[in-house]
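Two complexes are shown next, each including subunit A; its partner changes from subunit B in the first to subunit C in the second.
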Partner chain A sequence: MRALSWAYLALAYAFVFLPVVVLVVFSFQDGRLPVPPLRGFTLDWYAKVLADRKLMAALVNSLLVAALSSAVALVLGFLAAHALARVRLPGSALLRGVLIAPMTVSYLIIALGLLSLFNQIGIRPSLLAAGIGHVVINLPLCFAITYAAMGDHQKNAERAARDLGAPEWKVLALVSAPMLAAPLAAAFFLSVTFSWDEFIIAFLLTRFDVTLPVEIWSMLRSGLSPATNAVGSLVFLVSVTLVILLEILVFRRSK
Partner chain B sequence: MTASVSIQSVFQRYGTAVALDAVSLEIAAGEFVVLLGPSGCGKTTLLNIIGGFAEPTSGQVLIGGRDMAGVAPKDRPTTTVFQDYALFPHMSLRDNVGFGLRMRGVSRGDRAAKADAMLALVGLEGRGDRRPHELSGGQRQRVALARALAVEPDVLLLDEPLGALDLKLRRQMQDELKAIQRRVGTTFVHVTHDQEEAMAIADRIVVMNGGRVEDFGPPRQVYLQPKSLFAANFMGEVNLVPVVGGRAPFGPVPVDDGTLCLRPEAISATGSLHIGLCRVEDVAFFGTHVRAHVTPLTAPDLRLVVHLPQSLAVEVGMVLDLGAESHVVLNG
Partner chain C sequence: MTLAARDRRLGWGLLAPALIWTAAFFILPFLAMVALSFASMDGRTVVHGFDPGNYVRIFTDWTMLKALINSLEITLVVTVVSVVLAWPLAAIIAFRVPARWQRLALLLAVLPFWTSYVVRSYSWLLVLGQNGVVNKALLGLGVVAEPLQIVATRSATVIGFVHFFVMLLTLTIYANLIQLSPNYARAAQDLGANRWQVFAHVILPLTLPGVVTGAFLTFVLCIGDYITPQILGGNAELTLPQLIMLQLGRSGNFPLASALSVVLMAVVTLAYFAASRWLRLDRV
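Up next is the complex of A and B:
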């Protein structure tokens, strides 16, 4: 019975991680095709990828879009969550629902909507447009995470801060936000990973400067190559690093 | 820094519910006043109105003669010690205590010095670098007190500050609170539902019930000469004896008609207000006194609680000749 449980666990992990393992293994392929058999070990593909100006530019673009759009989504989400948790407004429940609703809309629909809206108001497809798209998809996430973390504990501390003479923006900056540091960091890192991996919105809303997933897509169109595996492995490495950072900085500390 | 507080016919209504009903109080500068009453009596509502966390439906609050209508908590000369302490968990004790000074633009060095001095005042000398979670409940309460006093408010508001502490620590903190108030001279307005706490620390006690002030005076007066039956009952155990046509159930008494209030410890063998022979129904030894239930022989339906000296060997069935040393008669 015990052996069976372990086998099940091993299978489950294999199912989740086999594609990634295959991707990483064949990024070291000494040959032109990233398919079995493995002909030998080389770092040439990584060297090629790292020397590719367009790819590296896309990587920097991706990091910029992810960091900035996540920061904006976090600030907006935090302010909205704080307001809805502290102030009784008519239709609070409806306001909350409407803020979270974009989570249920597919990225394709959001991208199409933004595309036609941006056309109307004259925002050209660009990194800015993609960044706005990423704020749209990450704002509900940031809002939901911070809203769930707000409690009476902070409410009383905020009251004390006001009583001691703090104006509202200082209450937010010096008391509310630091007390919610862990959930805010969690929301930020999750937003960054989502933005980092996002393809459809970035694909439809960028043109000349593109993000990394879009660049990888254009690489794939010219056929399979261990170079794409190498890029994929690098993307995976960044995502893993973010998750580990999240674990170390946020979850360890809050225990 | 200290100031008087004047509350003038304040009403507070929530829909149809009346939380405060024509409350008027004059609190002198430097006075230690305790708002005492059961939960829901309006004492916390009144404290919130003084602190600016709620606006009264009607009526005026003056602090140091200045009308507080429309003045936000941060602009009032008041600070509050909250029941759950409401310390900032992400800041050191020094930064907690110095927070109010930081909001007033005091430089880092000056507020650290002031914060350390305040921590010393509350007995937490040299612990400025600790975090709130490293402290016990009583210590957190001291930090909350130091934080509220650091900005030298004219009036300090305390919202059941000792409610979360165990009994022994609470009695100890009462003494310290009183001593600190004497030293800083600030007007303290303190909310509690514990009448022993109120008597231990107050210059004057405000007894509240149902949104109204039932009684207002020094502990001795409120205890011995209460102005209402509610105040008499709330301040401690009391025997209520109806007097009609100059007669109590146990015989004629030389007092006006109404309700005769007799404290258990005021009843003794030497009391001048004669009750007569009473049979002891049950007895318990309380350490400081012997508590007994007695029934006057002339009024078998009446049961009186009496506190007799611990030296007196009282047994069930004994008959004692008792009288009251002090009394008060109330109407209603």
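Up next is the complex of A and C:
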């Protein structure tokens, strides 16, 4: 039973890592196709990718959209969570439901809805349009994470601050936010990784300036190439670094 | 003004930005889409109105209906296979791996989850292709004489999906398992249950909320995904999202694309009601 467990674990890891290993290994392929046999080791594809203006522009766009849309989603989500956790409002269960609702809807539908709305009111496809969409998908996440993290301990500290005469914005900025630093950071990082990786909204709502997943998508249309492997490996490196940072900074400290 | 009234005004003030954003960029677009699904096309121009023709077409045109059926079949297979594969993985990490290594084991098991979604599908293309690693290995071992055609079939789509959702489900099921008190199993054993009975009648039912939550997320994300079937399955058979994108791209038929999206949304809503008894979305 025990041996079987470890065998299953090993097989599962092999399955999970197989595509990533193949991706990374063949990004060093000294040849035109990223498939076996491995012909030799080269860093040419990385050099080529890093010198690619369009790709680098898309990378910057992605970072920009991810950072800004996550910041907006975090602020909106935090304020809403604070309101619903602290003040008794009529219909608060319904309000929570409305705020969470975008989580249960396919990104494709959100994208299509925004596309038809933007078409009708004359907003052209752009990074801004995609960013608006990314706030829509990340707001429920930021709201849910911060809402779940608000406890009685913070409630008392906030009440004390209020009793001592602090205006509400000061309570929020100097008491609530610092006490919720870990969940706020977790919500922000998660939003960044979701936005950074999001394809369909960005694909439908951008045109000339695009984000990285959209640019990678257009690379795929010209067939298999170790250059795509190199981009993919770099993206993997960035995401994994983010996840490990999150793990170390947020979860280690919160324990 | 009383204190309660002041509090309430403050609450609405803090809530307003998020509510306005959700109303303007989620609810309004959705209503616009529903309205558009009842419009029709005259050549390449959209004629607004109340014409149920798009919906009639979806349920009478075999291409459309087949896409819906394909999507449902693929999603159901993916959900079941992913749960069956992920449950033991989560259980092994929760019960066999020493406590201090569990977080690392879990982090590793889901690490590729954080890589780019588009790139992940592309990687499976490399693995499963005619000249890919799997075919080269099978040929080399003499298991097959000819390379298997996996890419551009439903199998490739299912494998790509299962890979992603095994990681997702491992997370939700693990979260559920780790909260279970070992006392339940002990009590059952004391009362004479054997290992199988403990598993089937105690542990498994207790993980149902985690399983259902994960399975529901899998269902929603899988049935709405365009990338994986497009990259791995190709155009041999279409899924609903592929059909929607085709309507947008090739023919610019926004009304039909909207109607298809409403149908997709309805399917997800049905799944939600089917699962809602056990669903704990707030505990993901």
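Definition applied: the second predicted complex is superposed on the first by the 255 of 255 C-alpha atoms of A that agree within 3 Å, B and C clash if a C-alpha of one lies under 4 Å from a C-alpha of the other, contacts with A are read in each partner's own complex, and residues count from 1 in each chain.
Everything that follows uses one rule, which is that a residue touches a chain if its C-beta (ideal position, glycine included) is under 8 Å from a C-beta of that chain, and two chains touch if they have at least 3 such contacts.
Being a predicted model, the structure only gives us computed values, none of them experimental.
Model built by superposing both complexes on subunit A: subunit B and subunit C fit together without a clash.
Of the two partner chains placed by superposition, only subunit C is touched by A:Val16; subunit B is not.
After overlaying the two complexes on the shared chain, residue contacts for A:Lys170 are found with subunit B alone; subunit C is out of touch. Seen from the CA centre of subunit A, the centres of subunit B and subunit C span an angle of about 100°, rounded to a multiple of 10. The partner of subunit A that touches more of its residues, comparing subunit B with subunit C, is C.
With both structures placed on the common chain, the touch criterion links A:Leu74 to neither subunit B nor subunit C.
Contact with subunit C, but none with subunit B, is seen for A:Val243 once the two complexes are overlaid on the shared chain.
After overlaying the two complexes on the shared chain, residue contacts for A:Ala181 are found with subunit B alone; subunit C is out of touch. In the superposed pair of complexes, A:Ile100 makes contact with subunit C only, with no contact to subunit B. Put simply, subunit B and subunit C get as close as 6 Å, counting only Cα atoms, in the superposed view.
Those residues of subunit B that touch subunit A in the complex are listed here as 51, 53, 72-75, 78-80, 82, 84, 86-90, 99-100, 103-104, 147-148, 151.
By the touch criterion given at the top, residues 7-8, 10-15, 17-19, 21-22, 25-30, 32-33, 36, 85, 88-89, 92-93, 96-97, 105, 107-112, 114-120, 122-127, 129, 131-133, 136, 163, 166-167, 220-221, 223-227, 231, 241, 244-245, 248, 254, 257-258, 261, 264-265, 268, 272, 281-282 of subunit C touch subunit A in their complex.
Within the complex formed with subunit B, the residues of subunit A that make contact are 156-157, 159-167, 170, 174-175, 178-179, 181. Remark: subunit A residues 2, 5-6, 8-9, 12-13, 15-20, 22-23, 26, 33-37, 75-77, 79-80, 82-84, 86-89, 95, 98-110, 112-114, 116-117, 119-120, 132-133, 135-136, 139, 143-144, 148, 168, 193, 197, 199-200, 204, 212-213, 216-217, 220, 224, 228-229, 231-232, 235-236, 239-240, 242-243, 247 touch subunit C in the complex.
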